[in-house]
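Have a look at the structure below before the remarks.
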Amino acid sequence: MALLEVSGLTTHFHTRNGVVRAVDGVSFSVDRGETLGIVGESGSGKSVTCYSLLRLIPEPPGRIESGTAMFDGQDLLQMTQAQLRQVRGKRISMIFQDPMTSLNPYLRISTQLVEALQVHSDIDDKAALAKAIAALEEVGIPEASRRVRSYPHEFSGGMRQRVMIAMALITDPDLLIADEPTTALDVTVQAQILEIIRQRQEKLGTAVILVTHDLGVVAGTCDKVNVMYAGRIMESGTAEQVFYEARHPYTRALQKTIPSLQKKGQKLFTIPGLPPDLAKPITGCAFYPRCPYPKVAGPVGDVPVLRDLGNGHCHAECHFCDSTAPIESVLPEDLAEDAVVGDAAPAEGGAA
Amino acid sequence: MVKFIGLRLLQGAIVLLAIYAVTFFLVAMTPGSPFSSERAIRPEILAQIEAFYGYDKPALERFWLSLVNMLQGEFGPSAVYANRSVTDIIGEAFPVSLQLGGMALVIALLLGIPAGIIAAVKRNTWLDYLPMSLAMAGICLPSFVMGPMLALLFGIILRLLPVAGWFGPEYWILPAGTLGLVYAAYFARLTRGGMLEMLNQDWVRTARAKGVPERQIIFKHCLKGGLIPAITFLGPALAGIISGSFVVETIFQVPGLGQWFVRGALNRDDFLILGLTLLFAALIVVMNLLVDIAQVALNPRLKHG
Amino acid sequence: MADLASKLPLSPAPITPEQLEQGSSLWSDAWARLRKNKLALGSLFMFILIGLFCVVGPWLSPYDSQAQNLFAGAEGPSADHWFGTDTLGRDLMVRVMEGGRISLLVGLVATSVSLLIGVVYGATAGYIGGKVDAGMMRFVDLLYALPFTIFVILLMVAFGRSLWLMFVAIGCVEWLTMARIVRAGVIDLKKQEFVEAAVSLGLSNRRIILRHLIPNVLGPVIVIATLTVPAVMLLEAFLSFLGLGVQPPNASWGVLINEGQQNMEIFAWLLIFPAFFFALTLFCLNFLGDGLRDALDPKSAGD
């Protein structure tokens, strides 16, 4: 049995402007030692999925409407607060997007590292501090025994994210959830942080859920990938399957947005249009309005079901999933052919 | 830190000097002298009295004279109350006001801060709405409305507490309560705001993800930062309690400095006004200095930055 | 970027100068939010009622606020005198109305004075920036820390107790928050992208100030002004209560509360009526100010 088995997870936010369906019936599983990547544009529900697992979404306005998340035989979504506290930080740890705001500026690094240990075990102060220093050394912070006494503001962003990793892993959790751990960091630091996560994972055998909007990051680090859009999974499978045998038009379009995978001099690609407003019910394929393929028929079904290709590769029902026509062939002429040199604007989907 | 305190002390001294100068010349600009009013005195005797108190000299000269005296702790005579020196009056009335103000501040902090914390933690429940409505009432009911109302209710209708005088603990309750409740309301609102800001921070989510119990999140992670707005308000609160004491001491016949200041202002008792203004200003300047130090001590970013 | 966006199907249209100038949605949004806030709306309504009561009331009343009638001295509320009479036999209802006129007048005029000083000072500091700004704001910090009520008292003592002096004296000490808010708004706007966008689109300085700066600083200024009115009314009542403000035979609510307080052991209504109206007015203005803040500044209304 998988370490974590999520099925039908649905999280809604009840706001003044209506019910926002942030996560809409998401299912996936993670095994021990495995890395699952969740990719999607901003607002696709990937972070909310992770927060829902540890029930960290603000309630109200958020509410987990339905679904199960079986973690080692127990449903995370049905636990009492007390049971949940035993899991949080001990068996499942989390790293957040912005290391600048995720550490408490009023408390020393040592206090925050030691706290994670002392909340979950009867460890004395001295032993806890020794473990904290060791944890800092393991994530590559020099002079750890001195710097453990510092406050967060004395550290750079990359260093703080290292502290976050040390703090998350100090209790040897079974599962690490990393919510866009490198988004707020410099490109050079990004690679270091991912490498540290990989090393620690290898050593401890931790399962990792890596949330990111960067397909490049996923390709290098993940065993399995979920592609999310508008709160739903569009395509899932092994990294190879999703990268080399992408079926869904959204996945194909997303791949086109990775600048490094495109020919030099090619005009940067952005997916036309904006993600749908999740406060309005979406019937049919959520990507339909932005889909570059010719609109031969209306969208499929009410909510397209995930079709399993038999080898663990799943994708949402779609008219074009079996189409072998490359996505370039359906894009407007000038977009596909134009080659503009030196247009290096960042290409996050749709944000033209 | 030492340099910081030294700098602030110097600044405080300059501020006090400025306050003293402004007060002095404001009083000096007032037409006539304190002795010219009300009582019919023969002009030559009036001139004699004024000469005795230095009123025949130019204002600037008098300013330096009084400044030198003031620095030696000699606040001068009361112009209206014969044979009383301002130092005497302060010595007699200051302990009373200190006690009244101290009790009011303690009441304000002990009621306001816990109420603010509870309201923030239990936001949008009746534990938030009730104390916050009361706090709004406290802010809208100034001491000169709250005081007579409390006196009417507890003193005259229920006959539980004496409404005038300062002779023992039962006499302290109404004045200190009146003065304290108003500021409890401010502290409650500020603490609630500060705690809410802290509770909405990303690092609170980090702490929750670590499995830290809610109580520990509130007291260990949020209290330090959450109290900063309330602590910053201590300076203005002291200033408010001092001016509130003018009213409260009048209503409840408390023989403190506030009553003397009002009487001094109404009767143009120059030396008394000068002495008391300087004393009040010094108290507030010292309080602001303490607040500055506390802020630096609480916020590691200020300490090192 | 712009030409790329225009080629894409379904992409949002590029932003035009006309759209940049649409400030009206801020106000209609704010009005919609305010309308949902029953407490603030009720406060506004109640405040208007109190205003009408005080301004129009004395003309409708059969009594003259100065007319003494020692035979009808200090009578409780009755059919003739709804609020009773004071110790000199004057009708309390008319006294409360006319007291309210003076209190409200002080509130409005002194707030205008503080508004004028605060906006000029804050805008100057924010616009010039740099060392001048730092110095000017340090001065405001210093004043904040001072016992300013004492200064108002001293001003009243030094210059005599006239109503007009009181307006100026109170206005002179209540402008600090206004100056801070305006300065913060100006500085904020100077670096905001839409102002830069407006500049790059070639809008003239005058238009930028008229269409962007003023409407955007106006929100917080209205909020602070609304909250300054009760603050200055409080200060006026405080002074009048101590006998340093409005002088008899004129009366403000502060004077009436003081008279009531002196006689409350026997004639409680003399305290209760003016205190009730005064407190109610402060309630309304504070709730209205809070509601306006929530409506005009949704960022700070998160809780």
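Observations on the model:
In order of appearance the chains are A, B and C, and numbering begins at 1 in each one.
Rule of thumb we're sticking to: contacts are C-beta pairs under 8 Å (C-beta built on N, C-alpha and C of every residue); 3 or more make two chains touch, one makes a residue touch a chain.
Computed from a prediction, not measured in an experiment: that's the story for all the values here.
When chain centres are set by their Cα atoms, the one at the greatest distance from chain B is A.
If each chain is reduced to the average of its C-alpha atoms, the one that sits nearest the average of all protein C-alpha atoms is C. Averaged Cα coordinates give chain A a centre that lies 49 Å from the centre of chain C. Spacing of chain B relative to chain C, judged by their CA centroids, is 24 angstrom. Averaged C-alpha coordinates put the centre of chain A at 54 Å from the centre of chain B. By the touch criterion given at the top, residues 54, 56, 84-90, 93-94, 96, 98, 101-108, 115-116, 119-120, 151, 153-154, 164, 167 of chain A touch chain B in their complex.
Remark: chain C residues 142, 144-151, 153-159, 230, 234, 237-238, 241-244, 254, 257-258, 260-261, 264-265, 268, 271, 275, 278-279, 282-283, 286-287, 302-303 touch chain B in the complex. Chain B makes touch with chain C in their complex at residues 15, 19, 22-23, 26-27, 29-30, 123, 136-137, 139-142, 144-145, 147-149, 151-152, 156, 193, 196, 200, 235-236, 239, 242-243, 246-247, 250-251, 261-262, 265-266, 268, 273, 277, 280-281, 284-285, 288. Contacts from chain B toward chain A in the complex involve residues 201-203, 205-213, 216, 220-221, 224-225, 298-301, 304-305.
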